[in-house]
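One structure below.
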Amino acid sequence: MNLRTDLALEKREIIAEEEPDGIICERTEASGAAVTRIEVINEAGEKKLGKPVGKYITVEMSAFSEDSRIFDGRLKTLTDELSRLLPKEGTILVIGLGNRDITPDALGPRCCELILATRHISGEVARSAGLGKLRPVASVVPGVLGKTGIETAETVRGIAETVKPSAVITVDALAARKVSRLGCTVQLADTGIVPGSGVGNSRCGLNRELLGVPVISIGVPTVVDAATLVCDMIEDTGHTVEESLRRRIEKEGAAVMVTPKEIDLTVERASRLVAMAINCALQPDITPEDLLALVS
Amino acid sequence: MNLRTDLALEKREIIAEEEPDGIICERTEASGAAVTRIEVINEAGEKKLGKPVGKYITVEMSAFSEDSRIFDGRLKTLTDELSRLLPKEGTILVIGLGNRDITPDALGPRCCELILATRHISGEVARSAGLGKLRPVASVVPGVLGKTGIETAETVRGIAETVKPSAVITVDALAARKVSRLGCTVQLADTGIVPGSGVGNSRCGLNRELLGVPVISIGVPTVVDAATLVCDMIEDTGHTVEESLRRRIEKEGAAVMVTPKEIDLTVERASRLVAMAINCALQPDITPEDLLALVS
Amino acid sequence: MNLRTDLALEKREIIAEEEPDGIICERTEASGAAVTRIEVINEAGEKKLGKPVGKYITVEMSAFSEDSRIFDGRLKTLTDELSRLLPKEGTILVIGLGNRDITPDALGPRCCELILATRHISGEVARSAGLGKLRPVASVVPGVLGKTGIETAETVRGIAETVKPSAVITVDALAARKVSRLGCTVQLADTGIVPGSGVGNSRCGLNRELLGVPVISIGVPTVVDAATLVCDMIEDTGHTVEESLRRRIEKEGAAVMVTPKEIDLTVERASRLVAMAINCALQPDITPEDLLALVS
Amino acid sequence: MNLRTDLALEKREIIAEEEPDGIICERTEASGAAVTRIEVINEAGEKKLGKPVGKYITVEMSAFSEDSRIFDGRLKTLTDELSRLLPKEGTILVIGLGNRDITPDALGPRCCELILATRHISGEVARSAGLGKLRPVASVVPGVLGKTGIETAETVRGIAETVKPSAVITVDALAARKVSRLGCTVQLADTGIVPGSGVGNSRCGLNRELLGVPVISIGVPTVVDAATLVCDMIEDTGHTVEESLRRRIEKEGAAVMVTPKEIDLTVERASRLVAMAINCALQPDITPEDLLALVS
């Protein structure tokens, strides 16, 4: 069956086995957030999970739409998880993927508006502004293929050759299988982005093979695939989705997307939370409150 | 069964009878558009259709997202249908309903940005600008209850008492039952707006009872209710949706909405088409091309 | 001489006399802000200052563009000054004046997006949300005459008749004489709004005469009149601006406006500061931090 | 004297001589537009005009804010002038310079939203869509240094190395000396962009030296430098601006910008006119009406 989800957590749930070969999974409860760590360790695991060898960390928390405050356990948990995936030194290049004009796909571009770009600030200027030592950060919104005529991967490679980062962070909207995952989940991975994520546009891979440095992807599910939703519901009745019906569902579902009703609030707050986790992980010498004041 | 749709056309399809009591229905093909006229003529018809006595005109056309040009049969058909519903004299008050910040609900506010407001332009100014005689038009975006603290109906009544229009036109996003109706359908009605339309917020009725003048509503379906979509799909398999499953579907579906993937384009173009139909119906002495130039 | 400013403070500076008849003026330094209170007490004062009898309070502070944090003395000073001008009981109607699409004129509409509207929230709902007793607040953005065809004063009067507030607060962008006043000044007045403010569109007065209740206006200067700026500069050289030159300056200046280079940041932060001062003054039982979380 | 203008036309006006060495100037009236061609032919001309050797074409027309229609002589004149500067073959890379969030600086980014990107469309797809042969076009909005941490020139060089265009077109907002030039002027040049244009941020040069291919810059003046405006006015009185006054004017003027009151309309329409001229010059086999329908 072809269930559409970008979450390793949901792909893991599909596998019936308790301890599938090549996949390690552990779950912990942090302050205000549940963290699931899935690691794909070999080719057998890749085939089972349908995702490349690497680490996938899912952080589940209370709904973004319910509270606008971020200085609680959620920000700290995300910051800590991200910090562990990043190299300790060097310039970081943050890439905001997606289409600014389609709300559920705008997470990446809107997140980048709140990233503290520092690569152009000299040490002297930073010191005179009382900021201490700043880690160099650059931030780019490459736009979407249909508007630019350039594959995102081409744009990012061109810029990475100039900026020469020690790692790239991508931020993107994801698709989940279950409605209950929307607006309350963040996934981090050290394998970059593979084609087919987000609101349905396949893209070239943005990963270490292409860019020569680690690519950490941060994603927030904002849509559910309509066909997946309908098939799940039908099968939950105990019935089988026959082939002719499946084709109809796939066809009709391909034109639509399922989003939370409060999608604007979800994207606004998720963008801010993710941006602040990136800022906090990259500038540990500045307090979260001061970082928020610097970017908003 | 509780199928959620704001389209009289879809409610009519649900009724199995061929010639239901109290409902008259006819369908014609116009240039580039199919027009279905449904008239509810008495209380029996009201009960059957679940809509008050009055006229419901559905115009089906090619998808808004496929072509940005509007000076074809679609604009003319809409303009003609709207003209027939409007009084020939007096000020017209156009009300853009919905929430500007949620794309599928932004149709009304965005449409109002393209309405040619003329009530404040003196005859002398209009003549000196070469515009000839202008029909007085006012246009208001009342905002949503959650942001204003005021029921839309209260705001509109207050403004209508000041403007004293001969008729009110409301523009709003609607919910359809079928995905195939999204992004290619416009409904006109002479019964105003009844609670429960759009992206799920019930509102007080905006109608002749409240405002004392005819209320012509123009709506474009931009969302499908998720629960309705899933139930339809399941029943199309020949199975029954049992009560416990229905409750689960209703609960899960209540938090999400189903929209076209190209919702931003759909809303942008539908807003322009509807606004231009209103402008053309109200200022028949100005060409559509000149009207578009005046508002964009 | 026809110097264009909406600030009572600047009009007072123009008057050469030390203690002009009918005008009382005092200046104090509050935490992080300088407060000047000007009171016009009779007709003689009205003629001298060119503003109606009433209180004009100017709060000068550090530039909005320099720091995004608001929980300092500035917010407290503004909240305290506003609280003194408001009635202790009854519904408050907040009106966001200006044009959302022109950045220096967007202060009012953007401020209203951050006003906590509560008029529609029942006591029971508020209590169950842990909010305690809420003062009823409604908030409206009436739009501009050129887009609506309705005078702002007409719209507000129509809504006020429905909402029946105990006072109205208007928020608007103002014009200052001096560049140094832009982006760091807030004026409060209990006389409502008189025509000619803001980015140059005259409007009908919004005041107690029209609405029957106190009208508290809050304004932030975001533009300097270009002709005023040029005339001031020339006269500072010790030369006279002759009549023919003045006419040329007036004509050329009428088409342009002078704004801070960081006008987008200025308007964003001023909107937030003013909205939060209104929220804090109206809901004293909720902390500023919680209020910010509720509206952003 | 240090008059700030990005227009070669205005720099030429400052030079008192009738036929300055190294500069050729001619003026013609086209349909609905006046075209001034200035050519700097040697180093003497460079020094005189303060601009590098190359061609500068200024097109003066009726105000953008007065008419939204573009299918008149203005579009044709701009298209023809631009066509003459472009190579006949190869991919064109369009760069939208400036800051999307500051209205007078948003010309470049907003123009790019209306560029028909075609580089990713295969010949087969184009033919099946009835578009015939498409010239490959890519379009990028690199953002501003303060937000990205990357010099625009670095970003563009990185992308150009990937896209390998036969020429680059830049679109940017400019500063003019005279208010009367705002909102009705377009400048084309074949020398790229030199530092110091636009709303006051100096940038590295984007030119043939950096990119290895012709760089055609298209600019529209949207601001006047405040200090320049004031100095001009004072000197028009027949008086001299003394050094101490000049310093004060420079200091105060540095914080503000002078823009047309209808700057939002100016930028919206100028973006569309420039984008359509680029589209028409690059896709001569498609009619302007069809091109507009494809991008809006």
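Letters A, B, C and D mark the chains in the order given here, with residues in each chain numbered from 1 onward.
Methods note: a contact is a pair of C-beta atoms (placed from the backbone, for glycine too) under 8 Å apart; a residue touches a chain by one contact, two chains touch by 3 or more.
This is a predicted model, so every value here is computed, not measured.
Return the chains common to the contact lists of chain C and chain D.
A, B
Would you kindly say which chain has the C-alpha centre located farthest from the C-alpha centre of chain C?
Comparing chain centres, A lies farthest from chain C.
Centre to centre, by mean C-alpha position, how many angstrom separate chain A and chain C?
Spacing between the chain centres: roughly 42 Å.
Round to the nearest whole Å and give the separation of the Cα centres of chain A and chain B.
Each chain reduced to its C-alpha mean, chain A and chain B end up 37 Å apart.
Considering chain A alone, which of its residues make contact with at least two other chains?
Correct list: empty.
What part of chain B is in contact with chain D in the complex they form?
Going by the criterion above, the answer is residues 67-69, 289, 292-296.
In the complex formed with chain D, which residues of chain C make contact?
101-103, 179-180, 182, 199-200, 224, 226, 229-230, 233-234, 236-237, 239, 241-242, 245, 248-249, 252-253, 255-261, 263-264
Using the touch rule from the top, collect the residues of chain D that touch chain A in their complex.
Going through chain D, the ones touching chain A are 112-113, 117-121, 136-141, 143, 145-151, 154-155, 157-163.
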